[in-house]
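Take a look at the structures below.
Presented sequentially are two complexes of chain A, the first with chain B as partner and the second with chain C.
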Partner chain A sequence: MTGIPIRRPYPVLTKEDIRQIHEAAAAGLERVGVQVGSAEGRRLLREAGATVDETTEVAKIPRALVDEIVKARKVRVVLRGRDASQDADLDFNHVHLCNDGTGPLTLDFESGERRLSTSEDLAQSARVSNALENLHVFWPMVTAQDVPPSVRDYVDLKVSLMNTPKHILYASGASGDQARRLVRMAAAVAGGEKALRRRPIISSVQTTIAPLQHDGGMMDAAFAFGAAGVPAAIFTMPTPGASGPVTLAGSVAVAAMEFLAAMVECRLANPRSPLIWGCGLAPLDMRTTTRASGSPEHGLTGAAVTQMAHFYGVPSLVGGFDATTSVPGTQAAIEKFSQGLSVVLGGADLIVGLGLLEDAKTLSLEQLFIDDEMVRMIRRIADGIVVNEETLALDVIEKVGIGKTFLGQRHTMQHLREEQFIPRLIDRRSYDLWARDGRRSLEDRAREKVKEALAAPVPFPLEPDVVGRLDAIIQEAAAPAA
Partner chain B sequence: MEYGIKRGVRFEILSKTDLERIHAASLHVLEKVGIRIGSAATRKVLRDHGCVVDEASTLVKIPPALVKEALGKAKRTITLAARDPTYDARLDGTRSYVTANGNGAMTVDLDSRERRPSTKDDLEKSSRVIDYLGNVHVHWPMVSSMDQPPATVHLHDLEGSLNNTVKHVMYETGVTLPDAKRLTEMGYLAAGGEEEYRRRPVTSCLQCTFAPLQLDGGVMDASLFFARAGVPLVFFGMPQPGATGPATLVGSLVVGNAEVLASLTAVQLHAPGAAVIYGMGNAPLDMRTTVRSGGSPEHALSGAMATELAHWYGLPSCVGVSATAKEPGDQAVLEYFTGLSGPLLAGADLMCGVGLLEDSSCLYFEQIVIDDEIVGAIARLIRGDRADEETLALDLIEKVGPGRNFLAQRHTLQHVKSDHFMPNLIDRRSYETWAADGAKSMVVRAQEKTRWILANHEVPPLPADIRKELRGVIETARRSHPDARGRGTPVA
Partner chain C sequence: MADYVARLKQAVIDYDMEGVEKLAREALDQGLDPLDGIEKGLAAGIREVGQRFGAGDLFLPELVMAAETMRTGVAVLEPHVKKDGRARVVHRVVLATVQDDIHEIGKNLVATMLTANGFEVVDLGVNQPGDSILQKAQEVGAELVGVSALMTTSMPRMKELLSSAESKGDRSRRKYIVGGAPVTDQYAKEIRADGTAGDASGAVVLARNLVGERA
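After this line comes the complex of A and B, so read on.
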């Protein structure tokens, strides 16, 4: 499945801005450094020439080492689906969309009640995602709160694999052991470790802790994924005003320091490991002390980080279509649009965020369809305009002449579909027709789409023996450690 | 004080070659196909300057050199002055301004929720809401005073607006010469005299062309008058791709551009140096519903392209946005956000306008407040960001170090208000706090905000003698037009 082609990315940063941010990040790595919790990470850095203080775990990385890693050529990352037609090729020229993930809460589709998420919610979210034309990668949208914590991460992966043939991006793996178990599950589905390396059907998201800290287990997991050829996104998320400078450029510099340090460690551990720079840089709302996820600043930083990531030769994964509100509606639409617009126009390689509310906490199945409609509209803007003889249509204008209509022209029928966004949820009928037809809101219409999607069969179901192998791995995790 | 939305980053749609091709195609249309002009006075101006005019068919063919000559006379910076100069909209290419949407015929009553014909009271109330809001910069009479005698509706609309906002008032009701004279007279009165008005025009008139390739007689008679009277004009093309223009957006831009260039040419030859803004609102016909697709991505792209074309000509742009939604909610947001963001990212000088639904025909007061919030968010997006020593804050990053926070730093307090969008209507509190506070939706909060504005916001009144004179103009008009007149309601 191809992503959304981007012809002219929206330039949030100038070349000089990019250079300045990189200079600040490189100087910061030398002067301030990053706290590296992984002993393996510290060893790799020390051996490569960094100054490492084992008491404070702070590693100061020399400029030359950063430049050497950054200098390497651009490395595209292909996120493979079980269905090969749904591969997401992060080739620096297309935007791909992914839903939001790991929400502990769900708005019950029948009752509307806000309650803990279950594995059934996860299965449903995957099936609804299958129906979205602009959703290229699946992130387990909720965590199965109905299974014991010891196996929850593995059940989430199993349920996702069973219900969607799309690539699965996965924010889990808090230790090397956990990462290796997740890799075994993916290998069981892909047909072995070699097959998984050739076509990695999962990828991982590893989050750093701002400002300037790498959790030990998180980096050990990243090394384990890298060793198996599973792409890893290093997700940096300083909050401007709290865990980063309030100015967006300053927080982008902090994020760049955290990412560059991780990139150096990962490349030293596995020189060819597929890496993605993930970033969710949303400011602290000082009045409510919440993270302003669906804010214009979050959109701007996503576009800026995309420019920085491409400068470093890696694809970007950024937040988009987030919202702080806990219900679908006007506020959700404004928040999601204000953030999603600039990351799509900015050409982000992978955008995560569709379908959850409350800053990636709460699942709403209808919101998935609403967000998809937004993506479709923004996509049309990103497509832009082609000027040529055919689109100028001077001959048609001359033929139709003054005061007449273009309705019956062949040119009109030929170009309608390519020129016009065809709404799925937006209802453009007149007030009278709309009122006679039940005055349904866009949310009502989204609910109908959800029902249709849930009734559709799951494409590419897993073979029963593969499911059995996954269950066996999960059983191991459930058993008390020997 | 700086007014309007400051621009930083810009999204580009057309290349220089694209612009040249569109311009050349429009010139070809004007020279070979021509344009039908209903105004004899306008045809005379063009004939006197060498155009080929066929009086029987009212067809005028305009040579390219004449268009070029007229463009050379046009004003590059236009200030839409406000009663209070703080709110002057200076269209100089560095800032964007948003107007109210105008001339709706229906209103959904804020209290009874009934959908009914609009009244002068609705007009006055909506003018006060616009006056209060920070992200709507220029006023436009939002609804028509349908409860007033038909011949004077547009005069009541202007009077109600001038009395209830200190912002600039743009209208689109100067569609005959007598209308133009009365509206101009009222503008002169509000400004404190003709001389004062010519220096600081507190009103302006948007004139629509008729696609494909027609200029209405009354509209053009009025426009020639406005141009000499010092009233700034917008010539607003609005071919509908697929119906009154080619289905391709570029093809429709060629048609609309020809219409706007023809109007501008006539006016600049008649009144050299007149203030003319380049306007365009091409929303395609939705073939499935045969409704104009206001707020569609194509509407946004067309506005963005028209802006690029206007700037290439050295003219300020005025482009349209609207929504087909029938009530406030997700659809209205999707349509307004789409429609506003495209042109604003491309640097539109003036966008008209916000607050109406059903493609500019129905007023919901709360939608004005919701749209104000949307514009606020977009304003932050188009300002973009910059990297310098102050914003990069490397010293601060070093001082704070790994694992600590930036909350109490002076740098944080200094920049939070300027660097972060401060919402008015978006509620970012936790679920628990929000639920305990009534679990109010944004639409409900917008209704509450509207009631608060109407109860608390006062607009400095015009002096009593001027108000009396304005009423006198309306009274004279009522007496001279005893018969009811049907009036069309063009849309943005």
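After this line comes the complex of A and C, so read on.
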């Protein structure tokens, strides 16, 4: 199992806040409802007692139904890796990190040019991710624009499976058919559909459309994944000030309405379907009209949504370590660190955002290592200060005495690695040593790490016959429908 | 005997501060050549620990404990090295904090790092008048003298020491390095020191260059 243990979360909402947000969301579902694009979803809701208007596709969901679904037996979500040591148990007590995904652009590692991303970029991002200490789940970082759109989603999954043994969180499935094909690919690798259900090596991200709309294809795909035992993250993302109230509490309530409605639909379709509440509440920047994913509000709401998700008995998947800037550097570092701190300390079960820039659009391989170093620093803060007889070390204080050093004490050696953050990229050498060594920046040092990572072999490579089966499934998708 | 050499080396690598003394005595009783015990055993161990420190796999506490283990072992073996036999090659360094200054954390780190890298350090402590430093360096046959100052008010003592060494014709006999938070490359040049370094790792590189060892 992987993950950062959370000794003591730093909540941003009080119990009373949580209660009030839930009250608003439940009342909103009764009074306003959500638009449900999936005919299957509307049927399930209607049969369970919701008021459904087939013309507008709006479903108003009674509070009792929401409460019944929320109070039902919890479904444990474990994101399994092809390498079992990489499993991520979303147990509410550990924080897991995932890179950002499906970016259309790449900063070319050799030339620095910003260009459309390719399958080779995706393969490289997976191989670099394998080298990161705190990257537990892989989201295909960019999408392969060197292959036709009809097969792109499948190629993205295949390239990811070929280049990393970590669990793959996958943002696709625009229809039930597409989801079933992705499930077949995962099953081909896992050793059949039963094996996949036992150890789901992929999970899906299904986005809702704010405010308060569920795309039909997206929800049909979520039902198909649920039927196969593949975890689905329902990703809600109202933009405070635009597609949600500018007040963060209000936008969290909108996100809660979208998630709760999806949870009711998914659980009515498959009572044991593993669900995650995904959320990225990044406000609209009112000067530039961009989505401010590098904003402090993004991290703050990620922590709040984590508390709400746990209240509903599901793990959270939230944005963090995002940056609005287009290039690595100081702005990226500030933006990423501020959100990362909020969501790690907030105990988010799964955090997405590592390695992309420009609001999850642009891949930078160096940024992956820089972000990993930030995670390592924040992890140290999350670890806190342990106070007990051993750590108080009065016996050692006595042994060393006045004016002597603690350096040569076994106690120092024994506790050093857990007590001190030990840098991998941060350079703490004195000026003269740094200058003599070429005055290299953090980004320069990250480049060296990327080169090492790209030279390393891929662990747990797929067998050639498995790759063959994946290719056959992709071929089917490429062929025009009969 | 090869077994004792290997065990002494391993004692340093395992930071066995408590067990090394007994092991060294036992080795002597069994007829181990003490010079082999030091050079092929203890010193080989500290070199390995030093390399792993340089590579970033080990940290300062481990280096200090290994150095302490080596020091304990050397203290047992050295008195038995035959005076007329082949001599042990050691680079001896005298370190001190200058007069009117009692800060020694940095100097102690330099002493630790130099010891861990095979230098023999004679640490005179704090608040040391220039003449006692020069006298001690002469006595122990130091190749290198390192002085430290934390305060800008005590820094001029470094210059005094160097002038005094110059007038005594001591500059040709050994090298003089300076260090401490306010000391810069430029200041070291101004007072005509043989060098300075911004941290203890840098001091090891500097010391090696000055005594003609490959860094």
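Following the convention adopted for this analysis, the second predicted complex is superposed on the first by the 479 of 482 C-alpha atoms of A that agree within 3 Å, B and C clash if a C-alpha of one lies under 4 Å from a C-alpha of the other, contacts with A are read in each partner's own complex, and residues count from 1 in each chain.
Simple rule for what comes next: a residue touches a chain if its C-beta (ideal position, glycine included) is under 8 Å from a C-beta of that chain, and two chains touch if they have at least 3 such contacts.
Bear in mind that the values here come from a model prediction, so they are computed numbers and not experimental data.
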### Task
Give one of first, second, both or neither to describe whether A:G408 is in contact with chain B, with chain C, with both, or with none.
second
### Task
For A:V75, select first, second, both or neither according to whether it touches chain B, chain C, the two together, or no partner.
neither
### Query
Between chain B (first) and chain C (second), which does A:G244 come into contact with in this model arrangement: first, second, both, or neither?
first
### Query
Does chain B (first) or chain C (second) touch A:A48, or do both, or does neither?
neither
### Query
Does chain A have more residues touched by chain B or by chain C?
B
### Task
Look at A:A174 in the shared chain and tell me whether it touches chain B only, chain C only, both, or neither; answer first, second, both or neither.
neither
### Task
Based on the superposed arrangement, let me know which partner A:L454 touches: chain B (first), chain C (second), both, or neither?
neither
### Task
Residue by residue on chain A, keep only those touching chain B in one complex and chain C in the other, then list them.
405, 407, 409, 412-413, 416, 422, 429-431, 433
### Query
Can you list the chain A residues touching chain B in their complex?
8, 10-13, 16-18, 20-21, 24, 27-28, 31-35, 58, 114, 209, 211-213, 240-250, 252-254, 257, 283-288, 290, 292, 294-297, 299-301, 304, 324-335, 337-338, 341-342, 345, 358, 362, 370, 373-374, 377-381, 384-387, 390-394, 396-398, 400-407, 409, 411-416, 419-423, 425-431, 433-435, 439, 441-443
## Note on the structure
The chain B residues in contact with chain A across the complex are 9-15, 17-18, 21-22, 25, 28-29, 32-36, 59, 115, 210, 212-214, 241-251, 254-255, 284-289, 291, 293, 296-298, 300-301, 305, 324-335, 337-338, 341-342, 345, 358, 362, 370, 373-374, 377-378, 380-381, 384-388, 390-394, 396-398, 400-407, 409, 411-412, 414-416, 419-422, 425-431, 433-435, 439, 441-443, 446
### Query
Where on chain A does chain C make contact in their complex?
405, 407-410, 412-413, 416, 422, 429-433
## Note on the structure
Note: in the complex, chain C contacts chain A through residues 15, 17, 59-62, 64-65, 67-68, 108, 112, 185, 196-199, 201-202, 205
